[in-house]
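So that you can tell them apart, the chains are marked A, B, C and D in the order they are listed, and the count of residues begins at 1 in each.
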Amino acid sequence: MIKEKLPDISQNDSPVLGKTHWAIADGYIPGQSNGPIPELESHDTICILNSTKTDAHIRITIFYVDREPSAPYEILVPAQRTKHIRFNNLTDPEVIPKDTDFASIVESDVPIIVQHTRLDSRQAENALFSTIAFSE
Amino acid sequence: MIKEKLPDISQNDSPVLGKTHWAIADGYIPGQSNGPIPELESHDTICILNSTKTDAHIRITIFYVDREPSAPYEILVPAQRTKHIRFNNLTDPEVIPKDTDFASIVESDVPIIVQHTRLDSRQAENALFSTIAFSE
Amino acid sequence: MIKEKLPDISQNDSPVLGKTHWAIADGYIPGQSNGPIPELESHDTICILNSTKTDAHIRITIFYVDREPSAPYEILVPAQRTKHIRFNNLTDPEVIPKDTDFASIVESDVPIIVQHTRLDSRQAENALFSTIAFSE
Amino acid sequence: MIKEKLPDISQNDSPVLGKTHWAIADGYIPGQSNGPIPELESHDTICILNSTKTDAHIRITIFYVDREPSAPYEILVPAQRTKHIRFNNLTDPEVIPKDTDFASIVESDVPIIVQHTRLDSRQAENALFSTIAFSE
């Protein structure tokens, strides 16, 4: 019934949204954790949605305070899939050190949406934040 | 007195704001909770404001890591009303599994505003985040 | 020295930024609190920056789930000042009930910036979120 | 392999993203802390990414509730570097008082990205939020 009232929205296709360039200025992987691993291990996460019908080839560049940027970290997010990636788990070209300030830029060959979430369990109870990243 | 100084803002009508397409990349319903139910039950919430004078017919598509998108979840937000919907409570076409990464796209036939809020009470004290969703 | 390298940024005037229409979809004042009052009392806050040289006359409209919007809540933010207002403290035309879902639209006669912050101290330790509001 | 599929993304240069004017409406440095110093000291942080190949000369203006704005706070973020600056640590032209509402505007001579993060450890367990700042 509601469906019939949405003539201007595609009935059969998933909608396509997003931008190809994204940035996160506050990267940080807390070095300590409390609670069960891996759910409540401290982590800094980049959540990506690829709502298009084409696989997304994604490149992440990591920026530091006092040395050259590190890149490319390459990720594939298949068509119409989401991927939530912990910065903790990126290893190629190199592991991102813990307890270290960084920032990142995310580039994709198709439009994507990027959200940045951190779980900090350095103290007994976890703290959490999330924000849609900056896009252009 | 202040009212007289706002000639360029409508006096009698509520303002109309928003976009018709929104996305949330970080969907996740924590599987555990502490504290009174339902207030402090872990939840992932989509808050919608329809400030227009027309009912909003809304369709949500859920994207997963490793299977096809699930849709349509249909929601009606009446004219000039807000609705805060827990992903936990969406059941048609299917329940969203807990402890599982997902993402979502929200489409509406009138302009709306979408905000994404999570309360995580897996540990003794709750953690909270919120962000305005991505819109186009 | 740095100053001399900023020829394209005004030297003597504060910059003017912002939009005249803002929206917050997730309004909620937790009914319980733990900790010293008023600092750690649960609150839902709207933070406004008026960086212009003109006083901002601001009108807030509150939207509910199941009744007509409530307005106008009128606020003056003087030129080049900030004001952080707890929804808890708005009383005219009426108090906003606690433990109740709402949403809000903020209109101003000069450009402003709006950020939405909640402190939830229903459990022993507080939880916190903040997001830049939606603007057009 | 993925690399070869990204013909439209620069191979050798870091991408350039950002805006030159940013605002944060909710500034506040909690006056109390629990936990190890400096990691878990309460702080309000501005995270800046300069992905360009040119040093960024940045000027911050602090706005208060009841007195004139304070400026300029001058910061240099080198080309292709990030800097995460605690408002707590800004001292010139003056220290920002704790437990006091403020707001800020950030101007740069090259495009940057600004994210605003607060860690509040006034209670035994810390609370955390982050949001991409407002830009124009």
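One rule holds for everything that comes next: contacts are C-beta pairs under 8 Å (C-beta built on N, C-alpha and C of every residue); 3 or more make two chains touch, one makes a residue touch a chain.
Quick caveat, the model's predicted, so the values are computed rather than measured.
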Going through A-D, A-C or B-D one by one, find the pair whose contacts repeat those of C-D for over half of the pairs by residue number. A-D
Please decide if copies chain A and chain B contact each other with the same set of residue positions, more than half shared, or with different positions, and reply same or different. different
I'd like the angle of the rotation relating chain B and chain C after CA superposition, in degrees, nearest 5. 90
Here the gap between chain A and chain B, centre to centre from mean Cα coordinates and rounded to Å, is 20
Would you mind pulling out the distance in Å between where the CA atoms of chain B average out and where those of chain D do? 28
Shared-contact residues (touching 2 or more other chains) in chain A: 124-125, 127-132
Taking the touch rule as given, give the residues of chain A at its contact with chain B in the complex, in rising order. 2-3, 5-6, 8-9, 14-15, 17-18, 35, 39-40, 45, 47-49, 51, 80-84, 113-115, 117, 119, 121, 124-132, 135
Per the touch rule, the chain B residues reaching chain D in their complex are 125, 127, 129, 131
In the complex, chain D residues that touch chain C: 21-28, 57, 59, 61, 63-66, 68-69, 71-72, 74, 76, 99, 101-103, 105, 107, 109, 116, 118, 120, 122-125, 127-134, 136
